[in-house]
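Order of writing sets the labels: A, B, C, D and E. Residues in every chain begin at 1.
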Amino acid sequence: MPVQRMIKRALPRAAFTLVVMAIYAFMFLPIAVVLVTSVGASRYLEFPPRALSLRWYQAVLVKDWIEPARVSFNLALVSAAIATLLGSAGAFAIVRHRFLGRDAIAALLHSPLAIPSIVAGVAILQFFTVVGAKWLLGFPALLLAHAMETIPFVTRTVSVSLLGVDRTLEQAAMNLGARRWQTLRHVTLPLIKPGLFAGAAFAFVISFNNVNLSLFLVRPGVITLPIRIMNFLEFGVAPVLAAVNILSLAAVLVVVAVAERVGGFTKFLYGQ
Amino acid sequence: VRELVVNAYGGEYEEIIKATILRPFEQTRNVRIVYDPTGSASADFAKIRATRGDPGWDVVVMTAPESLIGCQLALLERLSEDRVPNQKFIYHEVRNGAGPCGAVQELQYMSLMYNTRNVTPPPTSWRILWDAKYKGRIIVPDIGNILAVYLLFMAAYMNGGDQHNLEPGWAQIAALRDNALAVIESSADMVPYFERGQAWLLPYWDGRAHYYKNRGLPVDFLIPKEGTVGLVNTLNVPVGAKNKELAYEFINFWLSKEMQEKWAQAYTVGTARVDTVLPPEHSQRHVTSIRQLKTLKIPDFLYIGQKRSEWAERWKKIMVR
Amino acid sequence: MATIPDVELRGVTKRFGSVEAVRDVSLQISRGEFFTLLGPSGCGKSTTLNMIAGFVDPTDGLVFLRGECVNYRPPFERNTAMVFQNYALFPHMTVWDNVAFGLRMRRVSAGELRRRVDEALEKVRLAGFESRFPRQLSGGQQQRVALARAIVTRPAVLLLDEPLSNLDLKLREAMRLELKALQRELGVTTLYVTHDQSEALVMSDRIAVMNHGRIEQLGTAVDIYERPATPFVASFIGTTNFLRVRAVEMWTDGRASVVTAGGLALEATVGSSAEGDRLMVAIRPEKIQLLSPALTDEGFHRGVVVHAIYLGSMVRYIVALDGGEEIAVDQVSGDNAVTWTKGNQVAVRLSPQHCLLMSDR
Amino acid sequence: MTGTHDALAMPAAVVPRRSVPGYLPLVLPPVAYLVIIFVIPLALLAVLSLLRHEAGLIVNQLTLENYAKLLGDTYYVRVIYRTLGTSLAVAFFVTFLSYPVAYFLTRTRTTWKPVLVALVLAPELSGVVLRTYGWLVILEPEGLLNTVLQRLGLLDAPLKLVHNYAAVTIGLTHVLLTFGVFTVMASLQAMDPTLELAAQNLGANRVQTFLRITLPLTLPGILGSFFLAFALAAGAYATPAILGGKTVEVMSTLIYTQLLYILNWPLASAAAVILLVIVLTTLMLLGRFGARRGAVL
Amino acid sequence: MATIPDVELRGVTKRFGSVEAVRDVSLQISRGEFFTLLGPSGCGKSTTLNMIAGFVDPTDGLVFLRGECVNYRPPFERNTAMVFQNYALFPHMTVWDNVAFGLRMRRVSAGELRRRVDEALEKVRLAGFESRFPRQLSGGQQQRVALARAIVTRPAVLLLDEPLSNLDLKLREAMRLELKALQRELGVTTLYVTHDQSEALVMSDRIAVMNHGRIEQLGTAVDIYERPATPFVASFIGTTNFLRVRAVEMWTDGRASVVTAGGLALEATVGSSAEGDRLMVAIRPEKIQLLSPALTDEGFHRGVVVHAIYLGSMVRYIVALDGGEEIAVDQVSGDNAVTWTKGNQVAVRLSPQHCLLMSDR
């Protein structure tokens, strides 16, 4: 009888797993299309392709694509770091403190989300012109703007995590002689890792994919991957773009896989 | 070494412009060109406007409407004949259309692009866009794209109106919407529907249409019997440009006879220079002669600029469900 | 002037909204003292410790550590170590790392760190559990990690909030010895909260009995137990029989002659709070002698056993006295588990020395 | 007792006061940063929303007519409603679909967990244009989905799944799932699973346990996911533009068109200001909702 | 056939990785019985409760509730109510909602719900705290909410994991009475884990003493206390003096003559585990009579007091016997706090009836 019951108990779990797999399938549906088109041989996008070829992948592995990819990667990395710092500080302030104007500050920290980035792009370009800071255009301006744009993500996710932290743990740490930053480093940060990671990952991908802010802040010669893609799009969606997307997706997955191998990444993040 | 920053076409066209114009210019002069393919003409204009005329380029390719407003707002330099001597070889009608700040480096028109497999015989009239037989096979440009304005013009002309009397045209837009597969803003986003075989008919620039035809798509393009409207692309120099003299020299170079002939063929477009000689298979399909030019309606770009916002609102109210 | 107390509270009050958790508490604890807070659930013991550790700011009053006012001083500048009532172990660290935490913060050298952590784990009988995570431990094991984590730092002041509540008697005894040793060897000042009265009585140099946020009595174990100041203290610690007083005559030698509500005539000692007109006599069950009625003389009162409760090493008899009052009497279980049973006639002796007269506040 | 009197008598009692409020060092850097890189630039642009646009040019004349138009003209009011409706729907679907995935990823012990976690990033990483192109291929009248359904005999006429609000909702839901999953996960991770056991012990079945314990305790994550998805959906341009086509208009496409093509900057910036107000109001409402249930947003 | 036991474990084992938390435990608890698990920290008590409640699946063995095998049955189909060692209160619900939760799940009508919740809160002395959240309560108050939340559902089986550990003595006693009343009135079967031995002895119908995941002895309170089966049980519950045996002679009447390692000649009762060649005699401190040496006759042994410890109602004397062995002797503190002091010559009587001979496992 327990065996029957074991099965009976396993059923809802299996059903649940199925639902989850269905959602994953939903996530991968369009990506599968992109993947298939990326190995098409023709000069324009075909689905399904009539002939297969890896020529577009070869076409990607040239300086014209790799250089913007490098710029984008550096940009995403550094701006995510800045956003993570600033956004987390904001999250700590609004979750951990009660003060006059807290709601207003919470609103401010989230407001970059509320403006289409094309508007922010134009606004920042205009601002830099007015204050004579046009020399910032290019990497510095991109960095400043991307970090601005991604602060809300970090603030949001870190707030979520922070709300779940038992404050007596921090008290315990301070009681054991940990100063504030030590408490932060050894107790609070490890406990909010999931939120920090989520925020930083969001910041990274948002920056990595950003078109509309970058459009106004790039400088000739220093362009990002999405801008390079956009320039390409002036004459339609070419199969090479599918290859670009699949490769950058693969690159990130490889990075995660390596981090997993080397550092036990998910365990580090989400515990057992 | 002098440096010149040029903002123009992106994608596969980057190679074409580099080979056709930029390298010859660099080689004949001691000049290094920094090429920036970023941004469509509209984005470029927004950049010029946001930077009060100092976007960082010396030369930028835009279309006549942007060139005109830029000129009105004093964001662009005037390109008189003493600055760009080759200007005097450009057809006057065209120069007038582009205004004092734009040097016309190419001439295009709105063609009717169609799928050669599914649309037989080839269309002869713009009315095919309203034909119920092709319901759900038509791509209509959205008002953000100047193609939509041209289409509105054509609808007006066909129904007894003109550029300044659009009411007969407006009356046709709702029907156009109902016949359309999709209404698309960006020119680049329209072609994939052809590639996937979903759409068969589209008002499109002759240059781009020719490009896709050459790329192997089963399409062709033509000017229907009612005629069509021409588009003027211009070279411009923002007021904040660092190397204005060199910029004028560059524009002059591009407007030279040799370059105009080469460029028209490379980009599959027409030219507004009077003395160019092009092979017939090219000149038949693109506007290269005064005769062809006469058949084109050259729009009042100034008027378009003034009315665009009002039209956009009216258009949207019809299109958006 | 006296030496500076290691821990001092002056008129400390803490309000949570409308709840007054601690009211006007003042106390002084000297260096190396073992001081216990005793009191019913919710009387403000944990809140008091939290204010000393610096987790909670007093609404009013001052907190001194080693003579220095520490109000608004952050916890990490106070050199106290606390065992939290709910342990507060770091879930993301192993047992070893939990215990090592305080030493790491103090930048103790690697060798000494290892030695001291191992020693602390040894002390709480958790050698071998180093690499487990808290969630992989039983409740009592977790509590011992919390204890080890606090003592390993050798703090100036140890704040223990029911640190042994989830341990079995043997372990509890062993841990008590460790705590006493710590106090003796390092002169650690210890503030202790416990619900185990015998523990409090055995361990403490002094005890403060709290009730409703106030200190009711502060004194040595013998003070508190033998000379409770108020009926609350008398009844809270140990068991006490209260006999309502109907008439009283006080003598100058600190004694009083009393007639209880049930008509019992008694001699009693006058306690420190014997004021007002509602008085009573308190006497502990184990201070009452229980004898067979055959042995009675005039110092004895007669009664009937109405209930006999086996308490392991003791038996508690509930005796109905002739006047109708019921009192509890404790006897060592001795040779026979139970000496008397329900209905037995007995005689009780309430000696004046153990009958304490106090006001019924 | 004499405690208080002693305190007055003792000269040594130097009471330290709290110096800087603890929140200042936390608040200042991000606020200063955002004021410089966001608020001032935006304000400079937003000033335009108070100017008149006439005959294609900005006239130096203060007016509220841009706002009056956006908030008064039924067309623009409908755009605002559509934006709200689509964004709310997207936020709902994102949160609804993210939750099972986040729950699964938090609780699973499978060795595939790292892979599954990494894969959640995929939609966001696959680039908006191509991803949307993929959706077109799947959803359009002769696309994969309709073809399959028709082959299976489930459909007579193709479903219209592109160039409408449904398509926009599907596309945005898809791309924003990444945000939903990770945000909910951050909340689920912090929850003590023994509380679920306690509920079951008290007779709550799995559904009840979920609804009454797990869900309320992860409310911060749910609200966080909802808000992020809402704000991102309201501001997204490419997906609505491509999947919706231009028969669909939302605030972001309106702003984009006006800013880049129509060149009516006053109207575009007024619309941006309105969008900002909408999103921040939503944030505030969600915050209130959360606070009433003990979860500060 | 006997009635079906309400709770039954058959050969239940639980392993966490390499840790064997519970080993081959079998027991049967009848309906309405008050059954206590006693044992050192980490011996597997909580794990056993968790398996009965259905939170943990046994690695091996079967769990029966009301005669039905419930392995793999989800917790909500078992009708047990548990008080968790760490309370597990729902942080997002008020006290009232926490307590009402179980009844809501049972779809109890609104009126009855209100009545029963109020009554339960009354029982745990928390009336007036209804609208507080758990984080606004003291440790003991939280524990009482956990208790109220469990008893309010009137479950078939009540699983209590140290439910009173953070309560003061008075409250603990009151709560015990409530639990007993519940058992009496509703016939609730109760499984109780406690570290308070006197609690276990007073409350329990039967007690299982666990050690290292195994049951060492299972019996009534008197069995366990008076006739411990193993030295572990004897030493774990209460205090016991062990005297190592050098020579022994067993008689048929269940008595034995023994010579201890220190040379003491004793009569002892043969216990159930008196096998093997390493034997010892166990005797509880309070079973030993302590007298002045003047009173000695042949049944007495002489010794010297080396230590006197005040335990409140008792005094514990450590007496060094003439053979060199030290034993603890408990005496009621009586009239004088301490009767003998260090260095006093005394006589002790170790009566054969209380000297238990057992093997030294």
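The rule is simple: a contact is a pair of C-beta atoms (placed from the backbone, for glycine too) under 8 Å apart; a residue touches a chain by one contact, two chains touch by 3 or more.
The shown structure was predicted, so the numbers you read here are calculated from the model rather than taken from an experiment.
> Among the remaining chains, which ones contact both subunit B and subunit D?
A
> Have a look and report which chain pair racks up the highest count of C-beta pairs in contact.
Chains joined by the most C-beta contact pairs: A-D.
> On a CA-centroid basis, which chain has its centre farthest from subunit E's?
For subunit E, the chain whose C-alpha mean is farthest off is B.
> Using CA atom averages as chain centres, what separation in Å is found between subunit C and subunit E?
Inter-chain centre distance comes to 22 Å.
> So, what's the distance in Å between the C-alpha centres of subunit D and subunit A?
15
> In whole angstrom, how far does the Cα centroid of subunit A sit from the Cα centroid of subunit E?
56
> Taking the mean of the CA coordinates per chain, how far is subunit B from subunit E in Å?
92
> Using the touch rule from the top of the page, what residues of subunit A touch 2 or more other chains?
Touching at least two other chains: 45, 47, 122, 126, 191, 233, 237, 271.
> Of all residues in subunit D, which are in touch with two or more distinct other chains?
Residues 133, 137, 206, 259-260, 295 of subunit D touch two or more partner chains.
> Subunit E: which residues touch two or more other chains?
In subunit E, residues 74, 86 touch at least two other chains, as defined above.
> How about subunit B: which of its residues touch subunit D in the complex?
Those in contact with subunit D are residues 40, 42-43, 45-46, 49, 69, 72-73, 136, 142-145, 177, 181-186, 189, 192, 196-198, 305-309, 312-313, 316-317, 319-321.
> Given the complex with subunit C, which residues does subunit A contribute to the contact?
166, 168-169, 171-180, 182-183, 186-187, 190-191, 271
> In their shared complex, at which residues does subunit D touch subunit E?
Interface residues on the subunit D side: 192, 194-195, 197-206, 208-209, 212-213, 216-217, 219, 293-295.
> In the complex, go through subunit C and note every residue touching subunit E.
By the definition above, subunit C touches subunit E via 16, 19, 38-42, 45-47, 85-86, 136-141, 143-144, 161-162, 165-172, 195, 197-198, 201-202, 221-222, 225-226, 235-236, 238, 284-287, 289, 309-314, 330-335, 337, 351, 353-354.
> Once bound in the complex, which stretches of subunit D touch subunit A?
21-23, 25-27, 29-31, 33-35, 37-42, 44-45, 97, 100-101, 104-106, 109, 113-135, 137-138, 144, 174, 177-179, 182-183, 185-187, 189-191, 206, 220-221, 224, 227-228, 231-232, 234-235, 237-238, 251-252, 255-256, 259-260, 268-269, 272, 275-276, 278-280, 283-284, 287, 295-297
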